[in-house]
Amino acid sequence: MQDATSQAELMVILRHAPHGSSWLKEGLDVALVAAAFDRRVTLLFMGEGITALLEGQQAGPLGQKGTAPTLAMLEMYDIDNLLVEQRGMDELGLTSDQLMLPVTGVDDAEISRLVASHALVLNF
Amino acid sequence: MQDATSQAELMVILRHAPHGSSWLKEGLDVALVAAAFDRRVTLLFMGEGITALLEGQQAGPLGQKGTAPTLAMLEMYDIDNLLVEQRGMDELGLTSDQLMLPVTGVDDAEISRLVASHALVLNF
Amino acid sequence: MLLHTLNRPPTSQVLAQALAGMGPDDKLLLIEDGVIGALPAHREHFNRVAGRLYALQEDLESRGLLPLRDQAVRVVDVEGFISMTETCERTVSWY
Amino acid sequence: MLLHTLNRPPTSQVLAQALAGMGPDDKLLLIEDGVIGALPAHREHFNRVAGRLYALQEDLESRGLLPLRDQAVRVVDVEGFISMTETCERTVSWY
Amino acid sequence: MRYAILLLDAPYTSQASHSALRFTRALLARGHDVEGVFFYHDGVHNAARLAAPPQDEPHLVDSWAELAREHSVPLQVCIAAALRRGLLDEQEAARHGKLGASVAPPFELTGLGQLVDLGLRCDRLITFGP
Amino acid sequence: MRYAILLLDAPYTSQASHSALRFTRALLARGHDVEGVFFYHDGVHNAARLAAPPQDEPHLVDSWAELAREHSVPLQVCIAAALRRGLLDEQEAARHGKLGASVAPPFELTGLGQLVDLGLRCDRLITFGP
């Protein structure tokens, strides 16, 4: 069942900003668990989810950690296929050098091909 | 403290559709309780909240009542100041004869004046 | 061919996200508050999926939207929904 | 003069609702995910409240947005937020 | 076919829970296997055994439990999402030094790995979100 | 000035609860009166006494209780919204034939009339939504 060299099986789409809700954290947790079980995982950041990748995030005023520390660990979990929606980047006026991790921009056509090629696609 | 003849004190803004969430029901409950305590209440339906007023609503397939029966009781509570956002009506392509209760359409300028003239404005 | 479900009205940016995720043969099923998108006034939002747009009958009915819907939107009940999940390879939910 | 708070990003229709509710002297404070609106790319969404637009410092900082913000947006911390609720007659929250 | 259901919102907050229950009942009536309903994010509130909705509203917690008993459908609740939201079974309550429990069988607290497993093992996974 | 707070979402689901707690603490530090925090809609989950968040996250339920005890701030939970979401105190649990309770003092179950009263009596009402 488990073949680490196969095509990625799980695609997790992250569409929510850090700190504002638990969606981003709970979506990342699914990706980390799948990776820990040797599943190949693709992450796609769409819309405000892209802001999860901004440099210089901090804990909140009550000590809420946010998700940046988790993102910094992705490489340890062999999650290195990080995609960002190019349209979302443009709408936020962001460029990839403002992000904390190397990412690949994808357009709508590529997004729909990715959605079709993964065995499981989960939206968060 | 209570003067039923005074200017309306509470404005409840309803922005959510029926059945899809509990926002509409819980917002209406605040309006009904305030009216039961002899507070003058204004209701403003904005955006998808306008669909709460559509004719011909029914219970959901599990027997969820929805909010139409509550709206039908508003007159008993002396809540007769029902406003709808005109822009929202236009975007939905609806006209007032498709609605179950008589309403008054208001534009942005009127909405901001109403928000400023109520002692308490609650968004739902 | 995939099935996509959408439970948000067209005023939500989730519609654009769902459309971005859809392939040229995929179908879009409006459920819950998403069925507000079946109103004729919203037709232009769904140009990209013309002929592949469905709405759930139970959710149209409970909201009083069944008689008001755009006739170009195909109506399916929960059995039809299940049947679409059988025929389509997978289902992706947008919410 | 009222204070309005907004905790949703400019992609949300809640922004239009908040703007509809604002009088000509009212102030708008972006909090939580709303501070994404302080990015320069979103300036045009806030033309109607130019000079009356604020963002909460703590929420900009935790998201790494403080150095990226449009300089036309005024930054206030929680003390400044409270001070605005004191000065303004009432506060209306849009979420 | 083998189906799995993922439910992400609480009853009484959005329609997600109603939709998921109706869909799952119709799946079973049609002869499909439902290998699990996984409750995540605010969906964990579907397991709240103390829920006391008005009598003229559907009782979703009881309805899930009934469905599970009649059709042997596992009701799997993400333990991490549940604990922070105040949903504990007897065992977790004891472990965290709390008196009383808010989750009872047939709902079972389990790890997120079960969701990934369900999603990749079943022929279809259908998500109901808020 | 006399302030009231209205909180409409659960801890750990959105930031609303964090924002409301921080704002309320700052109000008190500045010498204002906080005549009540009213929990409505999913905000009632702030009263979940069984919440067991990870130790490296803020414990919002405990933080509200602490604030109430130190500053005599009433914590008012809408009873109708609470019951359907599985939040019952001892009295309501007994009334609904449930064993155990999920809400304890200083949180008190009360009617929506209290919200209207707070909102019209205080100089300022500040709402934190999801």
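Every chain is named by a letter (A, B, C, D, E and F) in the order it is written, and numbering of its residues begins at 1.
In the analysis below, a contact is a pair of C-beta atoms (placed from the backbone, for glycine too) under 8 Å apart; a residue touches a chain by one contact, two chains touch by 3 or more.
Everything numeric in this text was worked out from a predicted model, so none of it was measured.
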What are the mutual neighbours of subunit A and subunit E in this structure? C, F
From the centre of subunit E, which chain's CA centre is farthest? D
Same or different contact residues where subunit F meets its copy subunit E, judged by the half mark: same
Farthest chain from subunit F by C-alpha centroid distance is chain C
Subunit E and subunit F have mean C-alpha positions lying a whole-number Å distance apart equal to 26
Using mean CA coordinates as chain centres, what's the subunit B-subunit F distance in Å? 26
Could you list the positions in subunit E whose residues touch two or more of the other chains? 12-15, 22, 41, 57, 125, 127, 129-130
When you check subunit A against every other chain, which residues touch at least two of them? 19-22, 47, 60-61, 64, 119-120, 123
For subunit C, residues contacting two or more additional chains: 7, 11, 13, 32-33, 58, 78, 90, 93, 95
Applying that definition of touch, give me each pair of chains that meets it. A-C, A-D, A-E, A-F, B-C, B-D, B-E, B-F, C-D, C-E, D-F, E-F
Across the complex, what residues on subunit A touch subunit F? 19-22, 60-65
Which of the residues in subunit B come into contact with subunit D in the complex? 13, 15, 46-47, 85, 87, 108, 111-113, 115-116, 119-121, 123
Interfacial residue positions of subunit C with respect to subunit A in the complex: 2, 13-14, 17, 19-24, 26, 90, 92-95
Per the touch rule, the subunit D residues reaching subunit F in their complex are 7, 31-33, 58, 78-79, 81-82, 85-86, 90-91, 93, 95
Which residues of subunit F touch subunit E in their complex? 10-13, 41-42, 45, 48-54, 57, 61, 83-88, 92-93, 96, 98-102
